[in-house]
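Chain IDs A, B, C and D follow the sequence of writing; residue 1 opens each chain.
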């Protein structure tokens, strides 16, 4: 059965390691915070200038000066720090942030990503996405395998304007976990009950399938 | 040398039609509410605004958009409001979208006297079009120029009469960077104290960068995305 | 992920002969006294040290020079000690002198992921020899590269178990810049407190930059130029 | 009579303006702080990371963490702030410091300055001098008109390795006040009792003397 959004987040959380500093994008990536293994020390960075982001505040405790990059009211955890936007993107560019998780409209089998602009539609801007994808040392994309029309979002080439080139390392969809390799997408895991054939049929880009593909363990 | 002004109207004196103005804040967090209100009242036109966002329909820079005071927005993310979209689609408003880290670093570059910086953000995308790129250690970077703004208008939490500023939490964002980058920097603060009151170790923006300062009034501090969890 | 170490000896584990090490401080102000003592005791050799100064004969990096641990110094101002001068003149020690602002900004560039920066310092002087220069807005600048150091060793006033650092007065100097720039950053602090104790608004170096931290002991804090006035 | 060091400092202090941020180098420049006119708001910057430098501490009040760029123990005045060395030179490069006063071994009539290195002697380094002269918008040199051998220090070309090119705006010596102009040194004022002829004879670089040269008012 295809994963739901929370299960995608849960699977991505398996990529976390003790001591990681992680930047989570808007949407499914945000949910990853709910699945950090107990006892594991993971610090969340928000690119508007915060390390040590905590959960949403209790009702009535909202602080307008304390928001995340999605402009949501949040809290901090002990050991947090605030800084300006230049230092925030500085630490991202310098590779101090261990992992970035973000959504995408399209990913190519070379790791290109498009997630900021649809020609003909109102363009709201790239925000920090171009900085993040160009700078992060490890980028995982969380997205649906296909778009609402049923067309694959894992392509030989992105059709939409790019956010960044050759940067995505791993993709987790409702159907599969894939690495981006020099040979193209490499299928690592299937969602429980999803066949390799279904994944092949829904992946338009080059796909490497070697041997038996295990099911995800959630 | 008196840096202290009575209010926003006095502090924005001299800003004229066609000025290039930086405005601090991220979304509606940490925006100079008093100065924006004074700019709206003064109704100067043809402004170029450098600000990460463009406010919402009825607050922040959105108020200036309503009066068609803005000729051009330089931002990383815009369009949380309908009037913005209307002006953009009708060609009344020009928008230059640049990556958020590039925006921040171009402010810092101005404040640090560095004419240009290198960033990988935008390499291989339409942002790179027409820009010089260069490979360092096998990785490609774009050269981006320091901003050149007439005024920087920022909002801080506390300030003193020497112009020193301290920001609160995530309301810091672009404010200290823009404070360094304006030819004339105007700071509004929630609390203005005499010099010597703030701990010199804890100043975020040294007073040398601030030309005019005043204590703001009636801060609304609107929240864009009120997200909460239920008390257990 | 444990960042807290018991002492300097444990914290400098892994630093080997030939390492490139940044050392914070300005003169003897804000230097990592405990780590320097541990490096002396460990007696590793052939080090490249990036530090604004080279200590005095019997303190600071001067102690490492006595044991001939340093192959190369990268500094803006050196030679407050006789042994330094002897080694330099005898060819045992290599010295690269660079302008102080260039030194600082090359550290910052490393910490901010910027491969190179532009500065006018040194244009038209021997510092410019062999360097690329470029004119922006009618003024000439040199391109200077970000440092690439294996370790940064810094001294702070207070730190917490998450690695956050706060510096005191002019002992800040190069410390926060180098803290950002090391592949591995080691911080010694006068007072180490549990995470959650320091005000998140007042952190100078966010913990993400600090890999190892310990509370130092027996700080001497020597004064190089004791200048005073008589009490009235 | 030729000025003494304190009088040179006193004359330079006449160049100060209300609201100025000033960086004073080691030696005679340091003495300028003693002659800031009463009621004038002048803030001293020390490039090791301090705005708002005050006088030396009273005996027993020395704080090893509070030194200036000359490594002297100092104090702060109300409204002071500390920052790192990158911000310190950043504000210098960005032209936020209104005036820099420093010593020199030689100045050329194009405004070149040499003050960091004597070939054949132990080189201690340029410290922040190259940054200051390359970046400051207004540089006044405080120095003796001649070296201990009696040779002019105001030259057609510097003979020593340069600290910076075309940067000095004004020179105050024990004999004269001179501007650096496109036509060379321009004599503005004589020290009390010093003749224009003496200044001409001790100035090796191009010197413009127009009309009567007034005496300094100290």
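Simple rule for what comes next: contacts are C-beta pairs under 8 Å (C-beta built on N, C-alpha and C of every residue); 3 or more make two chains touch, one makes a residue touch a chain.
This is a predicted model, so every value here is computed, not measured.
Keeping to the contact definition above, tell me which chains border both chain A and chain B.
Neighbours common to chain A and chain B are C.
Applying the touch definition from the top, give me the chains sitting in contact with each of chain A and chain C.
The common neighbours are B.
Please work out which of B-D and C-D is bridged by more C-beta pairs in contact, and write that pair.
Looking at B-D and C-D side by side, C-D shows more C-beta contacts.
Averaged over CA atoms, how far is the centre of chain B from the centre of chain D? Could you give it in whole Å?
Chain centroid spacing, chain B to chain D, equals 36 Å.
What is the distance in Å between the mean C-alpha positions of chain C and chain D?
Taking the mean C-alpha position of each chain, the two centres sit 29 Å apart.
What whole-number Å value describes the gap between the mean CA coordinates of chain B and chain C?
33
State, to the nearest whole Å, the distance from the C-alpha centre of chain A to the C-alpha centre of chain D.
56
For chain D, jot down the residues that touch at least 2 other chains.
If we look for residues of chain D contacting two or more partner chains, we find 82-83, 86, 89-90, 92-93, 135.
Among all residues of chain C, which ones touch two or more of the remaining chains?
In chain C, residues 105, 112-114, 119, 167-169, 172, 200-201 touch at least two other chains, as defined above.
Write out all the pairs of touching chains, ordered by chain label.
Here the touching chain pairs work out to A-B, A-C, B-C, B-D, C-D.
Considering only the defined contacts, which chain C positions touch chain A in the complex?
Per the stated touch rule, the residues are 1, 110-114, 160-162, 164, 180, 194-196, 200-201, 203, 206-209.
Which chain A residues qualify as touching chain C in the complex?
Residues 18-19, 21, 41, 43, 45, 51-52, 76, 78-83, 86-87, 89-97, 135 of chain A touch chain C in their complex.
Using the touch definition up top, name the residues of chain C that touch chain B in the complex.
Interface residues on the chain C side: 105, 112-119, 136-137, 139, 141, 145, 166-169, 172, 200-202.
Write out the stretch or stretches of chain A touching chain B in their complex.
Against chain B, the touching part of chain A is residues 46-50, 55-74, 82-86, 88-90, 92-93, 112, 122-131, 134-135, 161-166.
Where on chain C does chain D make contact in their complex?
Counting only chain C, the residues touching chain D are 26-30, 52, 75-80, 85, 88-89, 97, 99-105, 107-108, 119-127, 157, 167-177, 204, 221-231.
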